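One structure follows; several queries about it will come next.
Chains here go by letter, A, B, C, D and E, matching the order in which they are written, and residues are numbered from 1 within each.
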Amino acid sequence: MISDVAAQTVVNVLMLSSIYILVALGFALLLTVLGILNFAHAAIYMVGGYICYQLAVVVGINQWASLLISMIAVGLLGLFLERVFFRPFLKDMNRIVVVTLALIIILQATINVTVGSYIRRIPSFVPGVLRFSGVSVSGDRLATFVIGGVLLLAVILFIRKTKTGLQMLAISQDSDGAALQGIKTHRIFAVTTAIGCALAAVAGSLMGAILSLSPFMGDIMLVKAIEIVILAGIGSIGGVLIGGLILGALDATLPLFISGSATDLTGLCIIIILLLIRPQGLFGREV
Amino acid sequence: MVAGEHAPSGGRNWIKTVAYAGLIILLFLLPLFVDSVYYLHTFIITLIYTIAACSLRTILISGQLSIAHAAFMGLGAYVSSIFARELNWTPWLTIPLGGVSAMVVGVLAGYPLTRVRAIYFSMVSLFVGLAIVALMGVFQKYTGGDIGLIGIPPLPSITIPGLPTINFLSSKIPYYYFFLLLTVFCLMILHSLENSRIGMSWKAIAQSYLVASSVGINEAGFRVLALAVGCFFAGIAGAGYAHYNMVLTRSSFGFLSSVNLLIYVLVGGTGSFFGPIIGTTVLVIVPEIFRWLKTFAPFVFGGIMLLVVFFMPQGIAGLFEQVKTKFLHFQERKKPRDVS
Amino acid sequence: MFLETKELTKNFGGLAAVFQLEMSVREGEIVGLIGPNGAGKTTVFNLITGFLRPSGGRILFDGKDISGKKPHLIAKMGIGRTFQLAYLFPEFTVFENIVTSFNLYPKSSFWEALFKTPSYRRKELYILEQAKEILYLVGLEGVKNVLGRNLPHGYQKLLTMARALAIKPRILLLDEPIAGMSLEEINYAMSVIEKIRSQGVTILLVEHNMRIMTLCDRVIVINFGNKIAEGSMEEVRQNQEVMKAYFGREDAA
Amino acid sequence: MKPRGIFAIVVCLFGALALLTQPCLAGEPKTLKVGGLFCLTGFGSSAETYIAQGAKLSEEWINEKGGLTIKGEKYKVELVMEDMKGTADGAVAAATKLVYDHKVKIVIGTVVPFMVQAAGSVLEPAKVLRLVLYNCGMPSEYGPQTPYMFLTYDSTIEGMRAALDYLKEAYPKVKNVAYIIPDDGSVPYLDKLFREKATSMGYEVATVGKWAMTTQDFSPIITKVLASKPEAIAFANGWPQATGSMLKIIRDMGFKGPVFGCNYDDAYQIMEIAGKEASTDFFIHQIDLDSPDMTPMIKEIKKRAEAKYGKAYGMHIWGFNPLYELKQVIEAAQSTDSTVLKDTWGKMKTIDTVYGPGRMGGLKTYGINHTVCAPCPIVALMAGKVKWVKWVDVYSP
Amino acid sequence: MLLRVKDLSVYYGKAMALENVSLEVAQGAVVTIIGANGAGKSTILKVLSGLWPSTSGEVYFDNKKIEGMEPYEIVSLGLVHIPEGRRLFPYLNVLENLKLGASLRKDKEGIKQDLEGVFTHFPILRDRRKQKAGSLSGGEQMMLAIARGLMSKPRLLLMDEPTLGLAPVMVVELVSVIQAINKTGVSVLLVEQNVFLALQVAHRGYVLEVGKVILEGNIDQFRDSDLVKRAYLGE
C-alpha cells in the first residue's frame, strides 16, 4: 500500500522531471550560448504544439511525421527570430527582455486569432498504459521520458562531439575569444536558436499529447523552465538534468504531504534557500 | 546638492518648473473635460501603476532589476484590505500600513538578496515574488484565494467643515483626485530621493559597485534601502488599488504582472525619472483605446513594445532625449580642455 | 607601523596569489609596490581594501586589525584606493563622480536627504566646496561637466585619484596611477601625487612605469605573492633577484 | 532619424485607424444595449470565446424574431462585448467601459469566479442587472449582497447534487467517494456542501484532493487520492484542461470506478483531452448536441451555430441561455430598467430556459432567490463515446 | 607589405582611443608596438582582427582591404589574433581548444599534421591534452594560446601582451618560441609592455602613447632612443 504509493511516486518524479527537462532544454541552450533569457521560449513551445496538431489532426498526416515537420518549421521560425529579434539586441539585456516578452504576446495572440482558443489535444503518440505491480505509466509519458532522455543526451553529445557543438561551447565561454578563432559566431547563434526552438517544438507537441493545447499553455511552463535553468546554473546544459529532477521531485512528492497552495510555497522556499546558498546554481560557473 | 542644481542652466530650470506646474494643473482640471467615468477609471489605473512603476525604477537605478514588484504591490493591497476588513481599521491608516508591511518584507528579503547581483538578483527576486503570491494562496481564509477577496471597504468619506462632504462612492472624481494627490506626493518623494545624495549612491552602485564601496558607500545597505523605498511605494500603490477596486485576486500580482510593470519601466525608458510615467501612460491608455480590436488588441501592446525596442534604444523617454540632442546639434556639456 | 600585513596569504583555488606577505608602510611615506605582471600586487590591494578576504594572516591599520572587513568600512577608516583600469562612474560627470564619493564626511541621514533640510543643504554646499577644491587640486576643473565615459584615459586616471580623495583618506592606495598616460600627463600626475602627499596623505602605489619610482621613498618588490626585496629605488635596482624577476633576464638595463 | 520617421508614420497610421474605426456610438433610438463580459484573450478564453459566440447567436435570434416588445414599442437588442483579458484588472476595466461608456444597464457574462467578483465590484454599485453563467458556491460571489446578480443556470452546487443523485442510481454499489478540487479559496464552502449532500445520501468521503492552481501535472495528487481507495471520484470544480488531464491520469493509473464532474464543462473537449481510452465511466453536467432528447431550442441553437461558426459546442448553448431568459423577463416586466427587471425577475416563480422549464430558487442555498434551476442534463463518456444519459431535475431551495 | 594600416582612428562615443595611427608589417618580420596600459595597443589589434569597428582609416592585409570584415573572414585570410589574457576556453580541454583554433579549416589531414607539429613544438601540451585549459599554469596557458593561434595557419600572428602573468623563466622561453614561429615564415605583430622582450625579438618597433604613434623605427634605433629609455626602461 505505502510501497505502491512510493513506487508510483518514483515513477511520477521521473516522468514529471522528463517533461520539465524537455521544456527547459531549449531554454537552457539559448541562455548558455546566446546568453539571453528567451522568455518567448514557452510561446514558441506552444506554437510547436499547435503546428503539430494542425498537421496531425486537421491535415491528417502521420503523427510522428507532423512532429518532425513541426520541429523543422519551428526551427526555421527560430532562424527568423534570431536574425530579426535577437541578434540586434544580444548585448542589451533590457531590450532582450522587452523583445522576448513582446514575442510572447504576439505569438499567443496569433494563435488565438488563427486557430482559436478551444482546448485541443494531440492524440497519443504512444497509446496505451504500461502497468507493473501497482505502478502505471502511460505510453506518452514513457515516450516523453525516452525522447527527453534521448534529446538531452543528443544535445550533450552534439555539443561535446561535433565541431559545431564545440564551437557553441567555445562561444558560451568566451564569445570574443571564439570569434578570434575564426568561428562564425552569428552562424552558431542561428544554429543554436534553431535547435533550441526545435526542442521547444518537440516539447510542445509531446505536451500537447500529455496535457493539452491552449494559446496560454506556456505561461506556467515558462516559470518552470526558468526555475530549472536557474537551479541548474547558467551555462550548464548537463545541469538541466539535475535541475529538472529536483523540481520534478519537489512537484511530484510535495502534494503527497502538503496539499493545495502550500505546495507551491514550500517548493519555492526550498529553491530560494538553495539559491541563496549557491547563487550561481548547482552547476553554474561564477556569480 | 541636487543634480541639476550645479547645472549652469538656471533659465531653463524656470521653464521646467512652469512646465511641471502646468502639467499638474492640467491633470487637476482633467475631470472638467472628461465626463466619461470609464476614462477616469483608466486614468486612475494609470496613476496607480505609475506609482508602482516609478518605485520599481527606484529599485532599478540601484542596479537591481526586480521581477517581484507586483507581488509587493499585492502584499500592500492584501495587508491593507485585511486590516480594514477584519479589524475595521480605517483605510487612511491601513494604506500606509500596507506600504510599511511591503517594505518590511522587502527588507527581510532584501538582505539575503544582496548576496546576488545582476541577472542572479533578477532570478532570485522572481522566486521571492512567486513565493509571496503563493503565500497569499495559503492564507485563503483572509485573502480569499484565487477566487478573490471582496468586501474591501472603499475610502471613507471626508468631511471638512464648511465644505460639502467628499464621498468616494458617489463618483470616480474624488478617487481621481485622491490618486492624483497620492501620485504627486509619492513621485515627489521618489524624485527627491533620486536627486539626493542617496539617489546618487544608488546610481553609483549600479554603475560600479566596486568603486562605490571603495569610496565608502555601503553597497548592501543602499541596495536594501532602495528595495525598502521601492517596496514601500509599491505597497502604497497596491493598498490604494485595493480600496479603489474593492476586490482583489492574487493572480493580479503574479509573475506576468511583475513583468508587465517591468515592461512599463523599460518601454518608458530607465534613463529618466519620467520614463516609467510615460511608459505606464502609453501602455495602459493605448491598449484601452484599441479595446475594440478584441482578440487583435494584444497586437497593439506587443507592437508598441517592438516599436520601442527597435527604434528607441533608450525607451520612449530616451526618444525625447534623442530629439533634443538633434535639435541642439550635439551641443556637448563642455569640451575637455588641456590640463596643463 | 601605520599599515602592515602579517603573513598575509590569499589562495585562489589552491594557487597562492599572495603567500605569507610581510610588508609595512610608515605614516607620510610614498611606498612603491612593484613586481612583474601577475605577481600579486593588485591582490594585495584588494586584500587591504576588503575586496577580497584573506585566506590567512592579518592586516593592521593604525594598530587595528582590518582583515576581512567590508570595503565600505575600510574606506571609512581612511583607506582610499584607485583601480588599475580606470574604474569610475561612467554615466556621471566628472564633478558628479567626485560629489558622489563624499559619503563619509559629512554624513547625511535618510530623512535629511529626503526633505532636503537646511542642515542637508549646508552639508551639500560644504561638499560642493570641497569637491571644487579637489577638482582644483587634480586639475580637472576644465572638464568638470564631461561624462566619465567620454573622458580621455589620462583624465580618467586623475579622476579616480580625485574620487579617492573625497573620502579624506589617511592612506591612498594607487593602482598603476600613470599607466597609459602621455609624458606630459605623467609629469602632471606625479606632481598631483606629490601634492596629495604634501597634504599629509600616506601613499602606497603599484606601477610598472619606472619613472614614478623617483617619487617613492621606498620600494617593495614582490613576486609570486612574496616579498623579494625592499629598499630605495637604487638599492632595488642593484638587486639581481629583482632584475631577474622583473625584467626576465639577469643582464637587463 | 530614419527610425523616428518610421515610428512617426506608424503612429499616425494607427492614430488615424483608431479615429476612423472607433465604433459609432449613435445607434438607433429603439435599441436596447446589453453588455457582454467575456474573456476573449488570456485565461478563460478557451471556453468564453464560444460562450460569447453563443450570446451573439441569441442576440441575432431575438432580433430575427422581431426583437423585444415593450409597451407596444419594438426594441432591437444590441450586444456590446468587452474583453476582460483574463485578469481582474481587465474585468474591472471592461465592466467600467460597459457601464459608463456604453451606458448599458444589463450585462450578461462573466464565468470565471474571480472575474465575476471583480466585475461585480463595478456592476453591483451601478445597479446593473447581471446575468451570470457560473458560480462555484462561495458566499462572497453570490448572495444577499449581490441583489442585481442572477445565476442563469445550474452551477457547481446544482451540478454536484444532480451528479450524486445519478451516481446513486447508476452505480448503487459505490460506498465512498473522493473528490478533487482546485485550492482556489472555494474549498471550505464546497467541502461543506459536498459532505452534507454526500453523507445525507449515505456516502463516505474518502479523501479530498486539493491541488494548487499552478499544477502542471496531476499525477501526484491522483496518486494520493487513489491511495485512499475510493470507489468513485468527483471533480467538484474545474475546467476542461484540468478535468480531462486528471481523468486520463486516473484511468492510466488503473482506477476503474465511476468518475464525474460537477460543473458545466464541454464533454467533447474533456474527451479530446483525456483521450478515447480513458473516457469511460465518466459523467458530467452537460448536454449532448446530437441526442434527439434535446429541447427544441437547443436543436435550433445547434443549427444556428453550425450555420454561423461551422460547428456547435455545448458552450454555445450556455452562452445563448442568458439572453433567452432576459427576453422573457423584459417582456414580463415591460421595462428596461434594471431595478424593475430585478424586482420582476425576483418575483417570478418559473422561467423558460433553453434547457427546459426553469424554477427560481436559491434562497436557502445562497441566501437569495435569484438562481434559475433548470433540468440538469447528464452526459456520460462510455468507452470513448459521448453518450446521452438523461435530464435530472435539480432544485436549489 | 603584408599589413598596412593607414591613418587609423578609433573613438568610443566621444572618447578617443586611437588617432591617425599608421603602421606596417613586412612579410616575415617581427614588429612590436610598445606602450603602457591604456595607450591603445590592444585597440589596434582588436580593430585589425575585426572585433571592434574603426572610426576612420584603412587597413590592408596582403593588399586586401579588411576593415568591416567579420572576424572569421579575417582569420581565413591568415591574420590571427592571440588576445590579451589569452582568452582560452577554460572549461574545454587542451585538445578541444586546439581544434577550435582550426575552426575554419576543412583539411582533416592538415589539421592532424599541424596538431602533431604543435605538440612537437610544445611537448607539454601533448601531456596535458585531456586537461581543462583553465587548470593549466600561466606558462602552459600561454603556450596553448600560441599553439591555438598556430592551428589556424596564420600568416601574421598578432600577439597581445603574451608575457602577462608569466614567470621570468617563461618569458625567456617565449623569446625563443616567437623566434621559432617567425622562422617558419609567420610574421608577428607583438604588443608588449615588457620592453625587454620586445627589444629582443622584434626587428622593427612603434611606440604608442595615448592613442598616437610617437616613435617608430628599427629596433636598434629604439635601444638608443632616450624616449624609450626614460619612459620604459626607467633610466
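Here is the rule we go by: a residue touches a chain if its C-beta (ideal position, glycine included) is under 8 Å from a C-beta of that chain, and two chains touch if they have at least 3 such contacts.
Since the structure is predicted, the reported quantities are computational estimates derived from the model, not experimental observations.
Looking at chain B and chain D, the chains in contact with each of them are A.
Under the contact definition stated at the top, the chains bordering both chain A and chain B are D. The interface with the greater count of contacting C-beta pairs, when C-E is set against B-C, is B-C.
The most distant chain from chain E is D, comparing centres defined as mean Cα coordinates. Averaged C-alpha coordinates put the centre of chain A at 49 Å from the centre of chain C. Chain B and chain C have CA centres that are 40 Å apart.
Note: centroid distance chain D to chain E, computed from Cα atoms, is 73 Å. Separation between the centroids of chain A and chain D, computed from CA atoms only, is 34 Å. Shared interface positions of chain B, defined as residues touching 2 or more other chains, are 134, 137, 140, 145, 295, 297-298, 310, 332.
With touch defined as above, residues shared between interfaces to two or more other chains in chain D number as follows: 41, 43, 49, 183, 187, 212-213. Residue positions of chain A touching 2 or more other chains, listed in rising order: 108-109, 112, 223, 260-262, 264. In this structure, the chains touch in the following pairs: A-B, A-D, A-E, B-C, B-D, C-E. By the touch criterion given at the top, residues 65, 112, 115-117, 119-120, 123-124, 126-128, 130-131, 134-135, 137-138, 140, 145, 255-256, 259, 262-263, 266-267, 270, 295-299, 301-303, 305-306, 308-310, 313 of chain B touch chain A in their complex. Within the complex formed with chain D, the residues of chain B that make contact are 36-39, 41-42, 45, 134, 137, 140-141, 143-151, 169, 245-249, 251-252, 288-292, 294-295, 297-298, 300, 307, 310-312, 319, 322-323, 326.
Here chain D touches chain B in the complex through residues 1, 3-4, 6-7, 10, 14, 18, 21-23, 40-41, 43, 49, 81-83, 85, 87-89, 92-94, 96-97, 99-101, 113-114, 117-118, 120-121, 125, 136, 138, 140-141, 145, 182-188, 212-213, going by the rule given at the top. Interface residues of chain D, counted against chain A in their complex, comprise 41-43, 45-46, 49-50, 86, 183, 187, 208-217, 219-221, 223-224, 227, 240-241, 244-245, 248-249, 251-254, 269, 272-273, 275, 277, 313. Listing the residues of chain C that touch chain E in their complex gives 36-38, 84-86, 149-154, 157, 176, 178-183, 185, 208-211, 213, 224, 244-245, 247-249, 252-253.
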